[in-house]
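Next up: some structures, all given as structure tokens.
Each of the next two complexes has chain A plus one more chain, namely chain B in the first and chain C in the second.
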Partner chain A sequence: MAEIAASSRLITHSPSRTTDQGEAATAWLLSMPAIVLIVVFILLPVAAVIVLGFTDFELGYAGFKFVGFDNYAELLTDRTFKRSLWNTAVYTSLVTPVSVFLALGLAIMIEKESIGRSFFRTAYFLPVASLLVAMATVWQYLFHPTIGPINAMLAEIGIQGPNWLGASSTVLYGLSIIGVWQSVGFNLVLFLAGLTSIPRELYAAAEVDGARSGWDRFRLVTWPMLGPTTLFVTTISIINSVKVFETVKTLTEGGPNKASEVLLFSIYQEGFVYLRVGYASAMTVVFLTILVVLMFIQYRIQDRQVHYT
Partner chain B sequence: MSATSFPLARIVRLSVLSLGALVFLAPYIFMISTAGKAQGDIFTSSLSLIPQQWFYVQNVSKALSRVSMGNLLFNGVVVCLLIFVMQIIVAIPCAYAMAKLKFGAARVMMVLVMVGLLVPIHATALPLYVAFDKAGALNSYFALVAPFTISVFGIFLFLQFFRSMPDDLIHAARLDGMSEVGIIGRVIVPNAWPAITAFAIFSVVAHWNDLYWPLIVISNQAYATPPLGLLYFRAAEAGDDYGALMAATLIITFPLVAAFLLAQKRFVEGITMTGLKG
Partner chain C sequence: MSALSLRGIHKSFGANTILKGVSLEAEPGEFIALVGPSGCGKSTLLRILAGLETADGGEIVAANQDITRLKAAERNIAMVFQSYALYPHLTAAQNIAVPLLMRRLTRAQRLPIIGPLMPGRGKAIAEIKHDVGNMAASLKIEHLLDRKPGQMSGGQRQRVALGRAMVRQPAIFLMDEPLSNLDANLRVHARGEIVDLHRRAGVPTLYVTHDQAEALSMADRVAVMIGGALLQLSPPHVIYDDPQHVEVAKFIGQPRINLLPSQIEAGSTVAIGDVRCALQDRTPSSGTSITLGVRPEFVRIARGGDTGLPARIDRVEFLGSEIIVHSRLDAVGEAMIAKVSPAEGAGLAPGMPIRLHVQGEHILVFGADGARLPVTRLTSSMVRETVHG
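For the complex of A and B:
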């Protein structure tokens, strides 16, 4: 079909070669600002980061020389960097599953409920629309070891709360709780959109076929039909967790004892505080590689997935 | 279905949803409550939500005196507005050319857009910072806005939207003798409002909240955006004056939250439509 349509378009348009050329020229003109800006602000900087990663460039010093893979060799032995990779992985593996499945569960409940639907959606979505740096400050108060409401509540039931953001054993959990709180509403809204697009008849058909319990209906209809949404939501959640920065910068500065040092915070420290641009560029290349690999995995899974719609 | 025939399940569901909503709203409740408490009150009774003395005026005026909130909010509005307007001006003609004109480079452009979608500001920040530093352009609105004037995501979104627009509309306009720019201005844009609103919400939420780039290019308080200003305020307060701190967060969170509450349907539609963030 598409081929036929394309060729018929060719036939109708081929006599007017000059207008075609005029159209192409207009197209170039219209997209020129975008092309220039993509080159200046995306392609060149990425190329520059890759090149700088092979140099010892430091801001404030004149000149630089190429050092081959020295920066990468240093990364391999850099304990802070390894710590920050590990912390980022831990944070991501805490936040992503909780925020995806919590959002899915809440979306299913909200979808079934006839009253208060928009209230619940608003309540869970509010954190997405709030200034994270500001709300992180509120969480800092909530988590405060002595005057914070969370530990005050725990004390009411006889539990002595930890020093959430101040102890290296709990700081990642504290940040993860904020991360989940901040991201659930976003995932929830995407799941709600996915749920409403599932045809009602499928549930009726599943019931006729003997899927009596809610769990059966979820397993046989909801979960497979939501496949693409779930994959998308999961990928976005992972990428956003890998990019965690605001809460760390605002609340912990990577501490205590580098227990909350994460990837972007390390890059920020090396590049913009210590101004070791070459070394920070090598870290950035690692960060970009992680993003590329994640996208690649998503495409592969998407290709294999069965599409029902 | 089961919603009406099995009330117990419904009661459980409603309680779970309500309890969850309470947990998610708790930070806001405590923020509003603590913003009105005196220092002593905060230290003695953290679980009572009603302040013993009403300290809102004192805390708010303290917050306003330490950091000029008006300036922060003004900077936030200017930066978000400039970014959004530039993004629209750059992205819409490009997406139109890719979707509706015979354009040999459309495929290459698509690849550029896909690559661009993968690259966040965090990856390009280092060379951009060096370049801005060399050009003496740090500490300016230009530095805050320039890297975001191109939104490949915007191009992507508008491209999808324009593709679904009927070609007849454009042919008719051409027969009427309209130029391509005229078509964009008078046919495409008026028909693309849903996509433009969705993109506006996406763009404003992203850049109003962004801390990373302003933190890098701004060291002069006069150009601080809301997140950066709050960071300065925290540093100046040295931590424990939670009354003033909560008053400041309240003032700074309010505009976007209010906008969300007023236009939440559009917000949710916008986020669903754009689907992407950050």
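For the complex of A and C:
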């Protein structure tokens, strides 16, 4: 009896076991392309950068040796690097809030518009789609201290315009304006998508509940309902600001007097101009760490606060 | 004095006319159900009343005050939405508190960061908490106060939505199909609860629904809207027994009323089978087309004999306490539905020839424009007199 029971259990269970194994194998097989791509194009390069950060490798020299934390020690005393960290932080703290709130305001206005809506959406999205390097020449002209229309307009209202990109006191602001111009369209499209997903009945309920002014309805419905969008837009904006490079490279080369030296530009200088790959890798690790921390913070906030369902 | 009156409300969206001059008076404390097929404009009427849409014409007077031009926030009207429209980021307690916060706190007191520093805010907040607590107790939802809408069931959300609407003691209470998102069992239960709450609060209520059972069972008076016009506003039994328009008769009643096209015959009489009625108004000439209506429960089935309308059974539906017999008249091919007791309907099967007898006193006659024509039933001696005499 026991034997029969045991064998029957075997019979009933063995097919399911092979199915399980088969399923597991298929699962691995199906996810293999993605795994290979992630390893080859993301994990391996990151690992290589981390390893190189501990070496004195310079492009063109044969061989390298491990130097431990020497590169990181040098970073601590490197005034250019510290300057670029500070400049990146200033640039980010200017561009992110302005581009986020400007985009939110514009999105709310465009949302109300029925006829011109797609026109405005396209118009504001153009800077995102256009090549920043090409548009930089336009900005160079706009910001030109003598022939530039911006200073010409300021002169009209009696303000002596600064030498936007040529003076160390204003160059970061000039770059920030370009940064805002470039990112506002992208943020705006994201906010528009977020706005259209807010149920209309919530606004109706808010009105019936006594939210008289647009501000009341914004506080009661729009702002909280846009929470997930705002968090996403803010994170993307911060990351994009931290990655500022093209405008610096094309317009200022980090100058004048390192006043617009930013993180990515320093890495570029060390790695591709001075060819000190080991040192540039150490900088890159710092850069990656900053990005990872930012993303981690975003996901923590998202999990805790802005999920309503 | 009526608590609420709508006078000639017009509304169209583009070329699409939604409301064609709707007028309605609600007495203090009255529960009116606005019922009609989807697209009849009942929800639009409710939104106009709430101030969420503006009417193209007409006026709204609530408690002797013309509120036609007031914004939703300025009207003392509360509304329960079909989707409940609870704020998903707020707890039940916060949701219920919103109308009070908006009305009792000044704009400055509601500002973020500096609002809490404004004088008098603490006292107002304490009062609001107290009122929210009372509201929750009367709805028996104290245990839900700390939950967000996402963590509540449909029935619980519906209660919170009711609480949010009732907490500020509005002058008028509007409900837009508040039960349509609940399952069937809960719906019947919730009906009783809403009627109960209404009786306790005594606030005039306008209740929009497409479900005639809800309308008939809950309301003091039922307003039937069809195609943007209010066709009849009467107590439930009048709406059912005495519809003033063919569309009302068609819409109310389950299974649907039997309607037979017919004509006025000699002597301003109409006939169905062996039953003959005389029109009270004798002006329409004979030959004018009319519609005869008989509710299914007033149709009797005979299995033989030579009186009554010959028909053949299409389908028999057994519903427990009653049997619905679908049949087709031999003469004109019109469908006729009869609702009979299980005893009377026992043994009936599709394909069987039957004879239908209509109970004469329950015949409804509608003119070509759909309006009801009053009739008197004639006995056989009177028939001879009227038709031949």
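Everything that follows uses one rule, which is that the second predicted complex is superposed on the first by the 269 of 309 C-alpha atoms of A that agree within 3 Å, B and C clash if a C-alpha of one lies under 4 Å from a C-alpha of the other, contacts with A are read in each partner's own complex, and residues count from 1 in each chain.
Keep this in mind: a contact is a pair of C-beta atoms (placed from the backbone, for glycine too) under 8 Å apart; a residue touches a chain by one contact, two chains touch by 3 or more.
Keep in mind that what you see is a predicted model, and the values were worked out from it rather than measured.
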- Query: Per the overlay, which chain contacts more chain A residues, chain B or chain C?
  - Reply: B
- Counting only touches as set out at the top, which of chain B and chain C does A:Phe64 meet: first, second, both, neither? neither
- Query: Who does A:Tyr72 touch here: chain B (first), chain C (second), both, or neither?
  - Reply: neither
- Task: Using the superposition on chain A described above, determine whether A:Ser31 touches chain B (first), chain C (second), both, or neither.
- Result: first
- Message: If we overlay the two complexes on their shared chain A, which of chain B and chain C does A:Leu132 touch? Say first, second, both or neither.
- Response: first
- Task: Identify the partner contact of A:Pro149: answer first if only chain B is touched, second if only chain C is, both if each is, neither if none is.
- Result: first
- Query: Touching A:Glu201, do we find chain B (first), chain C (second), both, or neither?
  - Reply: second
- Name the contact category of A:Phe287: first (chain B only), second (chain C only), both, or neither. first
- List of chain B residues in touch with chain A within their complex: 1-3, 10, 13-14, 16-17, 20-21, 24-28, 30-31, 34, 42-43, 46-47, 89-91, 93-94, 96-98, 101-106, 109, 112, 115-116, 118-120, 122-130, 133, 146-147, 149-150, 152, 155, 180-181, 184, 205, 208-209, 211-212, 215-216, 226-227, 230-231, 234, 242, 245-246, 248-249, 252-253, 256-257, 259-261, 264, 267-268, 271-272, 275-278
- Message: Considering only the defined contacts, which chain A positions touch chain B in the complex?
- Response: 13, 20, 23-24, 26-28, 30-31, 33-35, 37-38, 41-46, 48-49, 52, 59, 106, 109-110, 112-116, 118-135, 137-139, 141-142, 144, 147-149, 152-153, 156, 181, 184-186, 189-190, 192-193, 203, 214, 232, 236, 239-240, 243, 245-246, 249-250, 264, 267-268, 271-272, 277, 280-281, 284, 287-288, 291-292, 295
- Spell out the part of chain A that touches chain C in their complex, as residue ranges. 199, 201-202, 204-213, 216, 219-221, 224-225, 227, 308-309
- Query: Which part of chain C faces chain A closely enough to touch in the complex?
  - Reply: 47, 50-52, 71-74, 77-79, 81-83, 85-90, 98-99, 102-103, 107, 110, 112, 148-150, 164, 168
